[in-house]
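Both of the next two complexes hold chain A, though its partner changes from chain B to chain C.
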Partner chain A sequence: MQPGALSKALKSGAIWGFIVLELIFFSVAGSYMSLSDTAFMDWENMLLLLKQSAPIGIIAMGMTIVMVNGNIDLSVGATYAIAAIVLLDSMTWPIFAGLGDWVIPVAWLLALTVGTALGALNGLIVWKTGVDAFIVTLGSMLGYRGIVFMFNGENPTSHLNWTLVDLAEAEFLGLATASWFLLAVTGVVWFLMTRTVHGRNAYAIGDNRDAAVNAGIRVGPHMMINFAIIGFLAALSAVVFYSESGSVNPNDGQLYELWVITAVVLGGTKITGGAGSVIGTFGGVIAIQLLRKGLGHIGADTSTVNLVIGLILIAVLFLDRQLNVKGKEELKV
Partner chain B sequence: MATVSKQQIGSVLAKQGILIAFAVFIVAFTFANSKFLTVDNVFSVVRSSAILGVMALGVTFVVISGNLDLSVGSMMSFSTIVVLDLHDKIGPFLAIPAMFAMTLALGALIGFLVGYLKLNSLIVTLGMLSAIHGLTLTYSGGKNMDIADKEGTWFSVFGQGSALGIPVPILIFLLLAAFLGLVLSKTPFGRKVYAVGGNGTAATFSGIRRARTVFFCYIISSACVATAGLIQASRSLGSQNTVGQGLELEVLAAVILGGASLMGGSGTIFKTVIGVLILGFIQNGLLLLGLQFYVQFVVTWIIIILAVWLDIAAKRGKLMSPIA
Partner chain C sequence: MTDAKPILRLDGIVKTFPGVRALDGVSFSVMPGEVHALMGENGAGKSTLMKVLGGIHQPDEGAIYMGDDRVVMAGPLEAKAKGIVFIHQELSLAEELSVAENIYLGELPRKSFGRVDWTTLTDKTNAILKKLNVGFDANTLVGDLSIANQQMVEIARALTVDAKAVIFDEPTASLTDAEKSVLFDVISDLQADGVGIIYISHRMEEIFKITDRITVLRDGQYQGTVNTRETNEESVTQLMIGRKLDLTRNASHHEIGDVALEVRNLSCGKLYKDISFEVRRGEVVGFYGLVGAGRTEIAETLFGLRDPSAGQIFLDGQEVRISSPADAITRGISLVPEDRKGQGLVLGMNCRDNMTLPQVDDLKAGPFVAEGAEIAIFDQYRDQLDIRTPSWRQQVGNLSGGNQQKIVIGKWLSMHPSLLIVDEPTRGIDVGSKSEIHKLLRALAAKGYAVMVISSEMPEVLHVSDRIVAMYSGRIMRTFTSDEVTEDNLIQAISGIKADQAA
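Moving on to the complex of A and B:
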């Protein structure tokens, strides 16, 4: 066995092992402690879990690209809320009144365009000013959220379009629309990161920016495209979710960045960039949703969920560090 | 002949840019609205910034040591809820030290994880943000916390009282700022904080115990958070579980606005105070101009990015980044 191979295998498989542990734990604990009659591992329950993972999951795929690239985006929750408002409000604009149900693709397109533009703006600022992405997106998180509140104050923005609701609630081959979007985004981003030059460059830039520059990779535009992608995905997540719910509060999406980053880090992406996988992130998203649902299933309230997720995040960081240190020591010998 | 070169102008701007901006800002708003620079208004701005400010003082230490603290918001909720709950159970005399002990314990835990175990501070404090929020909800059972006898307690003095004509929250903020400013600039510990944040490896080789220095930065930060929680609890004598939610980012914004680098090694308490005041006066000034409350967020966004951008640009001598 090659040195470091064990820790590598442990690391890439760890998140799935964790998911299996969760499933076993909640199934066993659920049969003693749960108030509901249905088993935790119920097929319907698992399908619902996949659907509920979609909003966080879709954004997490974008965060994986950005973090692999060595950046971070704290503004996704605010972008999500802006896209939701654009989606719902644009359907009521007088200029689109003659369109009938054709207003739906127009509203979708508008929301996605706005999300992409907001993401690209972050990327442009990071590229042109050289200010750290953490600070840039911390600022735009405040700014974008301010724009959300300026639009309609503390009031919710609502518009129900029944054709759209039907579409969002539809099921195809047993999976809900939101689940299909999550799977499709996962597939596309996986392809982008593992099978294209753009993806390979993202890893190279995140691993060693100077070396990437010397290798002739144009770092700036590259980062901007990745920020545009995460903006697009934040908007897509809003489009998928609010097509069904039809009402957005100005506080919606708050703390999403924290959930998303937690999922991505649980999935094994390094916060310093250069390493991480889309499949791992998918595992991280599922693991978090399982935890929330499972703790709810055995009667714990949201406070426990917060407590447990925080502690698990720190534990994962610790374990990851220990495994990494071991791997390095073995390499030295 | 002393000719002033472009670079010198640049470096002066970089060093004092935030002060110049602050001065320009104050003058502009004073012309725009005569109520802006009155004693009443200044007091009300500083008083409402005091809670944010006290927290920012502690976070300054953490940021200079090269780390982050995203947990201060939920930790402040925790302190507020705990002290309000204990006030009725064991009385204010015991409640305050008990709350400080509990908050410092949380700070010690973070300090241990980041300092001694050398875990990434962003992720650790992100995890603690969530965990402490859960802890607060578990402690309070999700209910709002209120003091039973709001009239008959001296506990309100920290948030509502005033001494020598100055509101107590302002006094606490300024005294703490002066004290921590001295600690940071005049003591060996302060120099160690800069050394650890500037170049951790070099600091270790020169015999500074890096882990211990980082540990104490988090202790200071949590002590400041506990003080902020005390002011908050005393001001409102009742609180929701989410009172500090989102404050961690505003605090960080104030510290960055003051010119502390997230890379560590630079920043001062004085500049953080200026950063806090700028945030407070922007909010107040925009309201006095009759603008919507939420416009301040957009203005803050622009100011943060401009401030950091100009700081970096002056250091590298070029406005645009060299990234290809």
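Moving on to the complex of A and C:
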């Protein structure tokens, strides 16, 4: 075996091993401690889990692109909330009154456009000012959230369109609409990152930006496209979720950026860029959702869930480091 | 060739950076099928001129002509499209990507929907790699390759397009002799196809072996162009540094003192075995061998970066275990590493802070860093090593390659170590500064320091060392005193031929 092949194999498989561990643990622990009498690994339960993974999962796919590219986007939670408001509010606008149910695609399109535009704006600022993406999106996270509160104060924005709810609650081949969206987005982003020139260039830029510039890749516009993509996906996530729920609170989507980044990092994407996989991120999303659900299943509250996930994240990053130090002949750090 | 038209001509190029006039009206031309050397001291502007040609920098004044047409190189891609290939001085590769993706970076072959055409990519790459006769294939990750092989990947880029001109900016700095000869073959093939080659190097032997003409820059100014056949090393050097070079070795008239470092039967896995030697105060010991002979690894062990698997280390007669670089530094050991970018410098920091980095703790005035003392240290070594920078505020990443190396050396000298280990101290350094650094190493020894010099350049080890340790594949083959060493017996020793076998 090539040197490092073992650690690579371990790393790419690690997230799936972790998921299996979780399943076993919660099944066993659940049979003693659970409040309900359904088994944890119940098929229905697993399908529900996939559906519940969708909002974070769809955004995490976008975050994988952006992080592989060497950037980060902290504003996704706020973008998510804005898109949700646009979706629900636009359906009540008088100018669309005559459209009947045709208002649905119009509202979807509006929400997605707004999300894409907000993402592109982040990208444009990063490109033109050269300021670190962390800082730029920290600012837009606050700014975009401010817009959410300006819209309706502390009050929720609600609108239920029953055709839409039916659509969102529909199932096809046993999978919920939201699950299909998650799988489709995963597939498309996987294709983008592994098969297309744009995707491969994203890896190159994240890995060695100077090399990419020297090779004539237009780094600025490239990064802007990726920010537009994550903005689009944050909006898509909102569209999928709020079509069903019909009511958005101004605080919705808060901390989503952290969940999303945690999932992406658990899935093996390098924080400094240049490496990461979409399939790994998918695993990371499932692992987190399993953990939240599983801890709930055995009766833990939200604060315990957060604590456990935080500890696991640190443990994973530590293990990753250890695996990278191959044997004793390697340089010490 | 004399009446042929140049394929490429730069005319009156001016380029300024804040505080530096890097190029001051430089003209330069390349004929089809010629190898044209560009020479000059560190910071003379060679890389900058080539970056102007390669579309990375835009000139403030001046023009570029290809044939009879004036052209503007708006960006690297445009320069490439016009047939100009640039092999960079600093490795410019993405380590997590495959060899093929790196070679075709920026212009991956496409299919419909923006997909990468992997088959074409792999086939084209393997064809090029075969020509280069390297031991890896298109799908290898660049991060898994040695530095020398990574350099070969850079060189492979020259063969991807229908090149009109290829720029090699110090391509041989980290190549072994075998790889060098492959490179020279590639160059003569390109030459035969009528491609113009621009070749930047500080190594005189190479320049006189493969080039047709030499253009010299000094401080951003054009000094002249000469035919290689009609000149010699001495006059080129004089053109470069504006004075005659004093190459006499100041033989050690000083006393050799006590043993400062003794290593007994040191081993580290497969990297090196059974290494024993001593270094005395006032002595320069050279370590000579091929790349990969285990010299750097010994240095890393002495600096606390690697644990040995067996053997003992004595400092001033006391057995020690060096557990970390911090430990090594407190014991008075300094290491000037081989890979300056990866190990020696914080590129985003300014010159002064880089130089005083290991000793900021000792330079405190109360809780604050003593700026005045830091600047004094910087000034001293800037003068001593002739570091070219407009001020200490300049980011190290903006210095020329050779000046970066000098900052690293200055950094460790300023620690006043009792044992100084330097690994390839003059890689990428011009002849003038090279002899300054050699003198400095001798002077340090004369002051009573123990010095270890690792070098792959024979003239260098012969020039600076009192004794030479010859290594081959992790073992010491023989130790020479400066009286008994000759080029021949040194070459034999490092090729693995034992003295008694050869005799």
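One rule holds for everything that comes next: the second predicted complex is superposed on the first by the 326 of 333 C-alpha atoms of A that agree within 3 Å, B and C clash if a C-alpha of one lies under 4 Å from a C-alpha of the other, contacts with A are read in each partner's own complex, and residues count from 1 in each chain.
Operating definition for what follows: a contact is a pair of C-beta atoms (placed from the backbone, for glycine too) under 8 Å apart; a residue touches a chain by one contact, two chains touch by 3 or more.
Not measured: the values here are computed from a predicted model.
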Message: By the touch definition at the top of the document, which applies to A:Thr196: first (chain B), second (chain C), both, or neither?
response: second
Query: In the superposed arrangement, does A:Asn155 touch chain B (first), chain C (second), both or neither?
result: neither
Task: Using the superposition on chain A described above, determine whether A:Ala204 touches chain B (first), chain C (second), both, or neither.
output: second
Query: A:Ser31 contacts which: chain B (first), chain C (second), both, neither?
result: neither
Message: For A:Trp127 in the superposed arrangement: first (chain B), second (chain C), both or neither?
response: first
Query: So, A:Val213: does it touch chain B (first), chain C (second), both, or neither?
result: both
Task: Look at A:Ser247 in the shared chain and tell me whether it touches chain B only, chain C only, both, or neither; answer first, second, both or neither.
output: neither
- request: Return the chain, chain B or chain C, that is in touch with more residues of chain A.
  value: B
- prompt: Looking at chain A, which of its residues have contacts with both chain B and chain C?
  reply: 213
- line: Touching chain B in the complex, chain A uses residues 74, 125, 127-132, 134-136, 138-147, 149-150, 153, 213, 218-220, 223, 254, 258, 261-262, 265, 271, 301-314, 317-318, 321
- prompt: For chain B, which residues are in contact with chain A within the complex?
  reply: 113, 117-120, 122-124, 126-138, 142, 246, 249-250, 252-253, 256, 262, 292-298, 300-302, 304-305, 308-309, 312-313, 316, 320-324
Message: Residue numbers of chain A touching chain C in their complex, please.
response: 2, 4, 195-198, 200-201, 203-204, 207-208, 210-217, 274-275, 328-329, 331-332
- line: The residues of chain C that touch chain A in their complex are 56, 75-78, 80, 86, 88, 92-97, 101-102, 105-108, 110, 113-116, 144, 268-271, 300, 304-307, 309, 324
